[in-house]
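Letters A, B, C, D and E mark the chains as written, and numbering starts fresh at 1 in each.
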Amino acid sequence: MIICKVIGNVWATRKEEALNGLKLMIVCRMDITTEQEHESFVAVDCVGAGIGEPVLVVTGSSARKAFDNPNIPVDAAIVGIIDGSES
Amino acid sequence: MIICKVIGNVWATRKEEALNGLKLMIVCRMDITTEQEHESFVAVDCVGAGIGEPVLVVTGSSARKAFDNPNIPVDAAIVGIIDGSES
Amino acid sequence: MIICKVIGNVWATRKEEALNGLKLMIVCRMDITTEQEHESFVAVDCVGAGIGEPVLVVTGSSARKAFDNPNIPVDAAIVGIIDGSES
Amino acid sequence: MIICKVIGNVWATRKEEALNGLKLMIVCRMDITTEQEHESFVAVDCVGAGIGEPVLVVTGSSARKAFDNPNIPVDAAIVGIIDGSES
Amino acid sequence: MIICKVIGNVWATRKEEALNGLKLMIVCRMDITTEQEHESFVAVDCVGAGIGEPVLVVTGSSARKAFDNPNIPVDAAIVGIIDGSES
């Protein structure tokens, strides 16, 4: 999983039916070890995350496991809101 | 998922039978946070996207979930046409 | 999927039994939007592609869907020979 | 799999129920061949790894195979503590 | 699949039970088209590869297909020893 910051949201009227009702958030990877600029991508919010919050994002086929319906075309999901970290 | 722009299409007469009838679009990742140049790739269109439109693309095994037949050799699908975003 | 050029082939006498009889081609990603140099990798040919031809390559678990036996250790397959493109 | 160093841990009160009780560690890839700086990411610890230890991390869908419940939204798992290597 | 060179091996006493008995090799990607330095990673040897040999490595979920037990937490496997190539 990667630590990301929620930076916005996106909407699409014409879309796959299975995506109806899902919250599509724009997230950007945060990194504590490198200063590299990261690309943003879209993740479906499963935990009620707000703009600016640091979140835990799972990608790939494992992202589908965050949903009751495992047959949705989703490859990234926000599965936690990060309270703190130690390193 | 990633936000891409549809920049063209590609055709192949000799191809895997399961790909027959699918619209193969050339897409290019768009990014609002970095200025990095992105490579283009091919995604199957599921929502009737046109050249120049910003779209939502799902990749990997999840791309197959956008099709009635989950056994197609497809690793990228256009699953939404983006109307707007806020960030 | 990505657009690649077939640049060679590779052979291996000692290999996983499930790979017997498969054509292992060396391919290199082609890109129309960036000038970046691309690494070559090995994809199994499913459509009779020849050296020098532009092809459509599917990667990851979806590559296995191009074969009758879905239980082969293959993560990249050539699934189409590209006739043309427009962008 | 990749060799990583455990550099910290992260906690999230609001999270997917399936993640309850899992130890979320921050890990950073180590490489003996390049000097490249690596990004950190989050992996679930399955073997009792401690901060500073070199570990073996499996990513993608295979990470789920390290758990009794294969339906968890996890894409990276620590599956071994490295005692030594030879190269 | 990618062409790699076996450069060493790694051992871990404390590890996931399903990894017992597997040979964990350190491999490094070889590339004939670019001069880029590549990172090393760990792949499970399925074909009896030795240090220094060029091998074919399959990654992701497809790596699990190289084993009798498809439920092991492995994301990279050596599935062939390369005898030669032409490009």
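The working rule: a residue touches a chain if its C-beta (ideal position, glycine included) is under 8 Å from a C-beta of that chain, and two chains touch if they have at least 3 such contacts.
Nothing here was measured: the structure is a model prediction, and the numbers come from that model.
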Original post:
What is the shortest path, in steps, from chain A to chain D when you may only step between chains that touch?
Top reply: 1
**OP:** Since chain C and chain E are copies that touch, just let me know if over half of their interface numbering is common to both, same, or not, different.
**Re:** different
Subject >> Relative orientation of copies chain B and chain D, as a Cα rotation angle in degrees, nearest 5 >> reply: 145
Original post:
Taking each chain's centre as the mean position of its Cα atoms, how many Å separate chain D from chain E?
Top reply: 19
Original post:
Approximately how many whole Å separate the CA-defined centres of chain C and chain D?
Top reply: 31
Original post:
Got the chain D residues that touch at least 2 other chains?
Top reply: 60-61, 63
**OP:** Could you list all chains around the ring, opening with chain A and heading toward chain B first?
**Re:** A, B, C, E, D
Original post:
Which residues, counting only chain C, touch chain E once they are in their complex?
Top reply: 7-16, 18-19, 24, 26, 28, 37-43, 60-61, 63-64, 71-76
Subject >> Interface residues, chain D side, partner chain E - complex >> reply: 1-3, 29, 31-34, 36, 46-48, 56, 58-63, 65-66, 70, 77, 79-87
